[in-house]
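Both complexes below contain chain A, partnered by chain B and then by chain C.
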Partner chain A sequence: MAALDIAQQLKARFPEIISDPAEFRGEVTVRLSDAERITEVCAAAKKDFGFDYLVDISSVDNYGDDPRFTVVYHLYGYGHHCHLRLKTDVSEEKSELPTVCTVWRTANWHEREIYDMMGIRFRNHPDLRRILMWEGYPYFPLRKDFPLAGKPSEMPDVAFSKPAPLEGGPFVTIAGGKDRIAREPRVRIPETDALDTNARLERRKDVQEAHGHSHGPGPVETK
Partner chain B sequence: MPDVQNIEFKDPQARIAAAAASSEVTDLEGDKMVLNMGPSHPATHGVLRIVLELDGEIITRAEPEVGYLHRGDEKIAENMTYNQFVPYTDRLDYLAPLANNVAYALAVEKLEGIDKDLPPRCQYIRVICCELARISSHLLGLGAFAMDVGALTVFLHTFTEREKIYNLCEALTGARFTTSYTRIGGVARDLPPGWVEQCRKFLHEVVVNFDESEKFLSRNRIFVDRTRDIGVVSKEDAIDYGFTGPNLRGSGVEYDLRKAHPYLVYDQLKFDIPIGVAGDCYDRYLVRMEEMRQSVRILHQCLDQLPDGPVRIPDGKTVLPPKEQVLTRMEELIHQFILVTQGENAPPGEIYFGAENPKGELGFYINSKGGGTPHRMKIRSPSFVNLSILSHLLPGHMMSDVVAILGSLDFVMGECDR
Partner chain C sequence: MGYNSKVEGDVIVTRVDAALNWFRKNSLWPMPMGLACCAIELMAAGASRFDIARFGSEVMRFSPRQSDVMIVAGTVTYKMAMAVKRIYDQMPEPKWVIAMGACASTGGMYRSYAVLQGVDRIIPVDVYVAGCPPRPEALLDALIKLQNKVAREPILAASPNVAA
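Then we have the complex of A and B:
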């Protein structure tokens, strides 16, 4: 049985929401007009039409058009060896459609990725979190209005450790300091600043005056 | 010692129940322990992080975290011409860059409708690339898997052969790792003189290595104990979780894109598809082992049948013309200028092309609005999909089984995170 026949049968099953199948380069695409019924259509495609393998879900941002987003499902059946592409549109105001996790469990991560990259939410998804970007990232990078160079954003604190303190490294000297302490800022002087932060800051000030910056050849402390 | 008894349970759910029952007596704290494995851990083969909840040594919950190697390849692809993206495909599955190059080129050629026009020599060379990449990737997967479960020798052993593959890659493409060998409509250059003989010599040597590696492992008591009945994925689960490649076939599903939907000249070559029975770590190992032998078989056929002729489509509108013509003739100069500045003019439309890569089905969904750049390109990476089963598969296993399961799934994070 060819993919086109199966698509026709699927259309006969849901005549009011499934479009006529379109063929391009030997691949069959049908369009679903009502995104709210995607779960129902997918469940039927799996159960009655043998599409037991969800190859992929992807999303397209048609920036400037309405509806803005298209979600694309690639289905495959191990029984009949046919591919089918199922597309449905989602408007920007809504940005939401039901999940198909209940039909194929592999949809879980695909839907998380679309949420992460495109900002489309999947209703009733068991665990809709960001997957590639970090938790709390404020943008959706694959949208067309997101610049290629990216936007500055804050990483959560846990991602950074504080700059290493200016001590402990042997054989590090800065030329031009007025005394040994300024020239060798990493030398540890236990009796004065083992536990005394002020002494360390004082020493930094000396280096700053002598050298123009407060750090040796180590990590830069940013404010 | 009640724990000794618990290990004997074959069924993961029974293990969890038994651990819960015994913990009432032995676990004085009454708490489960959360262990963070990765992102920098030798058994996670890159930057996978798994948050494990442990009851004693039994895993009760596992939450994989990916994305540490996310570079935004799909976004990058939207902003360059099709040929410019070829080097980025090297960095997907960086253990088999040649296979990625071929899969990507075939996807774009399908969009442009020129995949049937490829010269025969080019198709054979591409098959040779794919199969060399498969052997290279499986050798590493096998060696790393064995090393994770304690057999260090195999790793060093298989790396000897991988070194030879890298030498072949270097002779062929000029680079050992980042090959960037294909172009849309062909390959970058023809095989260098003497390469076929070098490759034949390698094939005769590598089968000896397969036999030796197999002797190390297949009947090794420790290896078998650590892999058999561990990480069992049923046929239904494998399909439901979208498994592809050797992992799917390890679970007993006879599906290989090279057979089911042949591309290039795979339909003219004789090879078998090995499948597993139990779907455990040991079966996945056996499938990979046999796949490498089949790859050698394919390579021998390709080298014997290799036809003469051009290695690119002789059409200046899609493929860069030869440099000497560009420098001497007007039309070729114009073609070169247009192709470099604007790229090939792809028609509007959308295609999906999946290729049987060493790790599984590497698919490219390209949505084009016409012109030289894709409007959207989605990379369906097998490692990403194969890893999504972890939170279902790991619970019920022992902590030490995690490394065996990860090794047998054979993923690569460059491809998973894209």
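Then we have the complex of A and C:
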């Protein structure tokens, strides 16, 4: 059974909150408009549709857009060998989602990592604390407004951090941009970089067309 | 005083400096602070092909109380930094440090919020080894350089780690 069929069945099961499945290069994505029901949807996906393996949970910081965070669940089923990507949005004021640890135990550490790096809390998580940085670290490093070099922090007897010398870096490509010069500028100022450049570039029409439909379906249309 | 070879036999007369430093440099027991990929090359240096034991580093003691040189092999993150400092503090004098690889020397390719930019920000380093990871021969070269440094140390020198 193809992944698209299974995704269609999942949509038929939850018609108001799951969008039409989008397919790009063999990968199927569905969007969930009501993030509070994620546990219910995931439990149905595991029990009834055979997605017994949670491959990954990851989060995206859409800095500048209104639901600031998107949390992406990658599901897979050993029985039918099909992948599914499930996306939900979380706004910054809320910054909270129900946990899926009750469905897949592996979600424990993935959700801890999302809490550590992005600041999204998970309700009913058995042990929600930082996993990569140390407890008491005051920032969320993978947010777009946090500089790559880091910010100074001090916790006596536990850890300290200092900003790293970047020397004109970070030497990574900016996404989007119509030519190489826009994508790889000679000088980057890290504080202002991700804040306006990325957000501005991604919203430009020519950049969106260059992306194609790789970003999946938009918000769910309710009837 | 004369040296009567029939009586004295295999006796060498030397200075305390030279003898003590010779003993120390030829038995530098490492404390392997193997944190990341450089630890694999450290293990290779300890294995049979590149054999660090030839140089006296016979025992890779994981106990800081019984070692002379701490080989920091790998990326030191800020989370791990205090543990490295505590282990260094537990080593008895005289002690030396080899910073193996780019990450331990300067933070390496990780110019980021989570990586300490060089272990010399928290402990004094004697020899830096470049490489990512350095070849085992490079680590042995560093050990030889450290041995030369140990040989030059004056006895009864005031160590910077001893509290005044």
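In the analysis below, the second predicted complex is superposed on the first by the 155 of 223 C-alpha atoms of A that agree within 3 Å, B and C clash if a C-alpha of one lies under 4 Å from a C-alpha of the other, contacts with A are read in each partner's own complex, and residues count from 1 in each chain.
Just so it is clear, a contact is a pair of C-beta atoms (placed from the backbone, for glycine too) under 8 Å apart; a residue touches a chain by one contact, two chains touch by 3 or more.
What you see is a predicted model, and the numbers here were worked out from it, not measured in a lab.
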Contacts of A:Trp104 with chain B and chain C, given as first, second, both or neither: first
Partner chain(s) touched by A:Ala149 [first = chain B, second = chain C, both, neither]: second
Touched partner set for A:Leu132, first chain B, second chain C, both or neither: both
Partner chain in contact with A:His81 - chain B first, chain C second, else both or neither: first
Contacts of A:Pro141 with chain B and chain C, given as first, second, both or neither: both
Chain B versus chain C, judged by how many residues of chain A each one touches: B
Chain B/chain C common contact set on chain A: 132-134, 141, 146, 148
Sites on chain A touched by chain C in the complex: 132-134, 139, 141, 146-151, 157-167, 169-170
Chain A to chain B touching residues, read off their complex: 24-25, 27, 29, 52-56, 58-61, 72, 74, 78, 81, 83, 85, 104-106, 108-110, 113, 117, 130-134, 141-142, 146, 148
Residue ranges of chain B in contact with chain A within the complex: 66-67, 70, 72, 74-76, 79, 110-111, 113, 239-242, 253, 255, 260-261, 349-352, 354, 361, 363, 365, 367, 375-376, 378, 380, 384-385, 387-388, 392, 417-418
Residue ranges of chain C in contact with chain A within the complex: 78-79, 81-82, 107, 110-115, 117
